[in-house]
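To start, the structure under review is shown below, and the notes come after it.
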């Protein structure tokens, strides 16, 4: 897979850049102009994410998590500050197809089967035809949807749809994965399983992952870096570097270290709410 | 299938009302005739006469059915007295016009969705174009085309196209804009080109809208053809039948041509509906 | 020479088009685009008529139409009153009102809906050019028969849309009403009618252009000696094409204004609908 | 063979039997002409077709042709197969109309679309206003058929002796219940179906020569039709593409039309022309034409054709 | 408020019924007929819920939680078994306006403001006009939406909409509250706060509450009775009577008792998944 990635999003593999942060935000500002006045969605956001980091964003509703992810993916343009991805502008990075994006809602195309949906990015990025079925099978298996490839989205439950959308983002091996509350509609058991899978995938491929969640344990369990945000205006109030080892069995959640980090996140969150 | 009984019931009510109305509306004539002849009108002669007039104000249902039967089943379909023959003439112009209108409408919609200037500039004028009384400009179109040596099928088809392109534009613009922000953003993260976004996202999402407006469009195309057949020398086609029926005050002939036209329209709409179901099913959108 | 003219016309067109794409870029100048688009069409028309010497009996130039329009105001106004106010508007109000009431009435009976709608669709497919002479025979020559034609034309589009709209509520919205044990009337008033409004207005918008066309077309089949349709058909016969086009222009402007007005009301009533939120 | 396209004023019917007979019987062919006959209709203005180049020659009524001429459409009469006018006003006796003096206050049905000129000039001559003012008549734009009379929406309607009048009779109203006013009898007759071409074309000798042959063959057709109304009607029926006409109706129309063509050999009678012009010029406050037309007819073609 | 309730849903306040279960399901069965065969959504469901119980339903996606709640509210009719509410049939109970239902999605009417949405049930149930504004204010305050009454639903974030829909269900003081994942779109802090508020409300009014959730801690924290369900066919696999006291500070979640119950629920859930 790594080989294929080099081939299809090769541009940004220069070794000299390896030490530079993959995502570098300096004083990023974003104000939406709406009909009842401007909304300050992001204010002076500074953040460096290194290659291979797993960074989680957590914060109350409306604090700008989604907006920041969208800025990274060049779906939104900051109104101030400087944001680079692999040293390039987000838009250039987008053009080099560096991103896999999992949206807050599943957003599958209803006229395509599950397999057809997963095939979509592969078709657009001109993956060699013979490779495609194999890739589709592989990611379907990864998210536990083997055998559902021929079904249409509306024939699956909400949770299954969300997993399909994750599979779609994984299929083409993007260098950077942007995931906006991917596990929101899933129950705890499935969630735990997918958390483990995601960690495994991350460890194996050295992808950089930006991950939005509402769950404190999830954030702590998955991340190397936890960003706590606060609303009105949307800003970063705390950045916590995780001290947990890279190898993380589910039981780690009962460890003292884990509980300590979770506590710090919770305090940060509470502070944001108290304002 | 659960529609049959309700439809038949409503139909029965309509036919009953129709008969009653026929007796009422045609009675004036019966009384006048009796007065001229100096005879009395009894109830039974009234009913008998009003339902069998040659130029009734409102022909009775059975008169229309008899005329329809007479001009479809009883006549050779190649005969110019056959409604099937005239229906076919109208149908061919309708289909050609519908084809032109649909293609033109889709092309315009694609332009409107992809080009800001067209979006802002064309729509108000497309609406204005539909407020022009078509019956007024149809003869002019025919004359102008005639002077360019074009006559027969094409002028009719162009007028049919003029009426059918509008619903297609409106529906298609709506449809091509149906994808939500997230679906579009997804394409952006893939850095998909405009063409790829069109073929893989916008076009499929527009299908339900397209078919809805095609149903309206095909009926409009038929009206357009008939309008075009009125002034274009009243030669062949259902419109010409309507005209000559009116010209000679043959109400029964008018009504049977009217029903033939409506039946044709209904058939066309049903065909589009079947097509719709097939396409949507193939695309997995029929739930 | 002809080739030169064609090139000239094309050049003007492309030039104005280019200008329009510029205006389209900025919000503050966007309103210019449709105006300039219209001016372009009229300019091209004028050029074609003048350069190629098209006979005024076939197609008059916009400038000639304008002159005629200005000089014939009293006649145009008289025709306008006859056709639009008396014929189209009364028919529109009557037809749309009747359709709306019918829709609410048959809404309670799935039986009637299943029976009426297919037949309604069939009747709606009757070509008006065939119906108009019949209605003129029934309702006389004055505006009443024109209003009747308009009623027939607008009735079914509004009916079908309203019925569809009344059924357009989401299952959850209906379930909510059930948990409140709301009566039929309450559900209708507080849920189904508001939810139906976007559909109703769809029908009402379609009906605006139909009403106008219907009233004008019906005048072709018999009328007093005033009215837009009468004027158009008579003046074509007299080869006063400038007068014909002046009437057509009035019809088009009226239709567009009518349509715009209904759209404006729609914006106010269905402000909450995604399509109106921009 | 030379191609000629003829634009009729109305739909295919015995009113135009001469041309169809000439076509069917090969009279045109014999003159080395390849003739196409285009039927007209309620919304086709033959002048427009002529000007647009869709036809070489048209059948039209003189009032509308002269009005068109004043409007900048230079058409010229080259032949006049119809000698007399077949137009009349048909009234129901029960409305109390006995003479033109009874018209005021009544509703009259009139054909527009260029056919209203004779009526307007008649009313002008009678001094009866038609604009709805006091002491005038109420004018209705009459549609295609005779319904307004049958439905009693009008006291009188316009009819042609060869067509609509018989529809009224056929509908069951006896001639005794009707009173008719022929334009011919009222001294306001205007010339009806004549053949017209564009003035510019007449400058072309070849065209003129073609028209000579066309008029000649057409008149042969007319004369044959006059003598054989049954066969003429049959031919018309064959050319009617709508399939709506009936034999009975067309035979009667043919025999009535024959009365109108009877006095004509095709040549325009100049005194008839002058009478028509005078009547149109005299149309009260709103005359149909405002000045004496010049060059609106030529006798050259018929002169050559009738040797 | 209690007084008003008596007035508007008074029928079912007979003292003799107090000892009978409020909700009594005996062998409830429900099969959906779909175009590709029947779906057995509920199979032999037996459950008694007493007046004042707080019962949570937990289980994997598609196990019939929503379906069972809908049966109670007479929005779905069981195809077998017996279900009574206050000794009446669900439909009779519905007609006596015994239910406040919070749907899985907010389902606000977009043409009404937030306050207008909350006013809706009050209008329908003919509450005296002068009382209405006060009630609306009260519940808006309860869900922390003070000052948003004049906004339209689409002007609020998803979380705020969900809170508004909770307020709507609380406004008319129904005797039985049916809540289908009401806190799904909320972040942990807000969730904690609303959990506390809900408990307070419950304690103060002695309402009977049926509550669907995907979160094990939430279920344990709130309930007097936890129902674990399992899919294909949808059925009850475990019913756990909580031994926690009625008074529950947030810290109770660290107690041994709490962790024990949570463990039992997790085991039950896992078993359902394993099948």
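Order of writing sets the chain letters: A, B, C, D and E. Residues in each chain are counted from 1.
By our rule, contacts are C-beta pairs under 8 Å (C-beta built on N, C-alpha and C of every residue); 3 or more make two chains touch, one makes a residue touch a chain.
None of these values were measured; they are calculated from a predicted model.
Steps from chain B to chain E, minimised over paths through touching chains, total 2.
Looking at the partners of chain A and chain C together, the chains they share are B, E.
The chain with its Cα centroid farthest from the Cα centroid of chain E is D.
Once the centre of each chain is set as its mean CA position, chain A and chain B turn out to be 53 Å apart.
With centres defined as mean CA coordinates, chain D is found 84 Å away from chain A.
Note: centroid distance chain B to chain C, computed from Cα atoms, is 17 Å.
Inter-chain centre distance (chain A to chain E, centres taken as mean C-alpha positions): 33 Å.
Looking at chain D, residues 42-43, 45, 48, 51-52, 143-144, 147, 151 sit in touch with two or more other chains. Contact with two or more other chains is made by residues 57, 135, 139-140, 143-144, 147, 230, 246 of chain B.
Taken together, the chains touch in the following pairs: A-B, A-E, B-C, B-D, C-D, C-E. On the chain A side of its complex with chain E, the touching residues are 58-62, 157-160, 184-190, 214-216, 266, 269-270, 272-273. Remark: chain C residues 17, 20-21, 23-25, 30, 33-34, 36-38, 41, 58-59, 111-116, 118-119, 121-131, 133-134, 137-138, 209, 212-213, 216-217, 220-221, 228-229, 232-233, 236, 244, 247-248, 251-256, 258-259 touch chain B in the complex. Taken in their complex, chain C has these residues touching chain D: 55-58, 133, 136-137, 140-141, 219-225, 230, 233-234, 236-240.
By the touch rule above, chain D contacts chain C in their complex via residues 42-43, 45, 47-48, 51-52, 64, 67-68, 71-73, 112-116, 130, 132, 138-144, 147-148, 151, 153.
Taken together, the chain B residues at the contact with chain A in this complex read 180, 182-183, 185-192, 196, 200-201, 204-205, 207, 283-285, 287.
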